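As written, the chains take the letters A, B, C and D, and residue 1 is the first residue of each chain.
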Amino acid sequence: MIQIELRATPFDPWQYLADWQAQQHQGNTHSGAAAVFVGTMRDFNEGDDVTRMYLEHYPGMTERQLDKIVADAVRTWKLDDALVVHRVGEIEPAQPIVLVAVWSAHRGEAFDACRHIMEVLKHTAPFWKKETLPDGSVRWVDGNTPLQRQPLA
Amino acid sequence: MIQIELRATPFDPWQYLADWQAQQHQGNTHSGAAAVFVGTMRDFNEGDDVTRMYLEHYPGMTERQLDKIVADAVRTWKLDDALVVHRVGEIEPAQPIVLVAVWSAHRGEAFDACRHIMEVLKHTAPFWKKETLPDGSVRWVDGNTPLQRQPLA
Amino acid sequence: MSVKVLFFASLRERLGHGQVTLDIAEPLSVQEVWQRSSGEETLPANVLVSVNQDYADAATLVQLDDEVAFFPPVTGG
Amino acid sequence: MSVKVLFFASLRERLGHGQVTLDIAEPLSVQEVWQRSSGEETLPANVLVSVNQDYADAATLVQLDDEVAFFPPVTGG
């Protein structure tokens, strides 16, 4: 099973997984390995304190890209289940931003798939972070990821 | 903070993490990344159904080796926190066997450290699995890991 | 017939608008959609583009009723 | 003075005992401890050994009051 969720409210990734596992994995005896990543908002970035953040996204395309990323990984690594939860909107320091969890028969596949989903998500899923500094000023976080299209001729 | 636990009773790794996070990470604003692995008992191995398993360990040495593995990883990857929980004793299919969780400022370090701890744990921590098959027969799982000492002269 | 053009994040703020509807009579390249919707000549190298919510490039042909979006490098996760 | 020798898992079952106490007057190699505690000649290549709960090899010298353990390849995780 694949689940993708964008949410505008804070969540506890571990409680989320406990609930998901209780629903989906009751008595799951074939997935020997689960690999999980949780990305959390820090209160500093590029040398500055950050008091809060706004996470913009492209409704429709964001879900579509996440669906594709996860479906590709499920196919490539023959995953049993995969879950991605990503925050949007106003976020405060210490709040989780992203949860990626995958279940597989073997640990190598689980680790590889979880890391791959995170890397591709960071480089292609349409999200943009806008930070608020202690003096009230705001700035967009620079993307430092490779472009997805060829340079213009 | 580092925590290592051997336990003889079943546990829910996600609930365990929710509780640990509530205690240790309340307002943690410096660990941007958490990577987690959970290994679960399957109901088959090497082509056979397995009905249950006994996990033997070497009291004292097992804890000592786990402590060393985790302390090495914390030093190498500058982890903020690390947690390892490992079952011992009687285990049934679908029960978690091992939980490894690490917290770091960056995702690369978190992924690398989590995977490294799992690999070294599997190759050096003194645990031995004895499986019970549906006909009631038992067998020790063959270790297929490299030896830790040099071959005898 | 028209094309819906969207702009996101810092690019939306720089251009001062988040959505433009272009009336077009025949397919246009992404490059032409950029010129007509942004008023700027060349699509900057650090602007990403999607057509119907899939990544595209400056040469991609935009059909009537397509949805085109321009946005800066992504910073999620 | 003595050395405590432990055996684990399939090795314990094969030898039929989990613990032996050897009385020794002077340090012995792990190889000698194996011979005296197991009754077998050569330490098999797939038997791991620890001295005082750290991995060791057949040539490691065992001191009085040390704890030596022999066990098969590990299968945890």
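The definition used in the following text is that contacts are C-beta pairs under 8 Å (C-beta built on N, C-alpha and C of every residue); 3 or more make two chains touch, one makes a residue touch a chain.
The structure presented is a predicted model; accordingly, all values stated were derived computationally and were not measured.
Novice: Please flag the chain sitting at the greatest distance from chain B, going by CA centroids.
Specialist: Comparing chain centres, C lies farthest from chain B.
Novice: Could you work out how far the Cα centre of chain B sits from that of chain D, in whole Å?
Specialist: Using C-alpha averages as centres, the distance is 26 Å.
Novice: Can you give the whole-Å distance between the Cα centres of chain B and chain C?
Specialist: 49
Novice: Residues touching two or more other chains, restricted to chain B: which are they?
Specialist: 39, 107, 118 - these are the residues of chain B that touch more than one other chain.
Novice: What are the residues of chain C that contact at least two other chains?
Specialist: As it turns out, chain C has residues touching two or more other chains at 77.
Novice: Go through the chains and record each pair that touches.
Specialist: In this structure, the chains touch in these pairs: A-B, A-C, B-D.
Novice: Using the touch rule from the top, collect the residues of chain A that touch chain B in their complex.
Specialist: 12, 14-15, 17-18, 21, 25, 27-44, 93-94, 105, 107, 110-111, 114-115, 118
Novice: Contact residues on chain A for chain C in the complex?
Specialist: Those in contact with chain C are residues 39, 55-58, 60-61, 64-65, 86, 97-98, 118, 121-130, 140-145, 147-153.
Novice: Which residues of chain C touch chain A in the complex?
Specialist: 6, 8-10, 31, 42-43, 45-46, 48-50, 53-59, 69, 71-77
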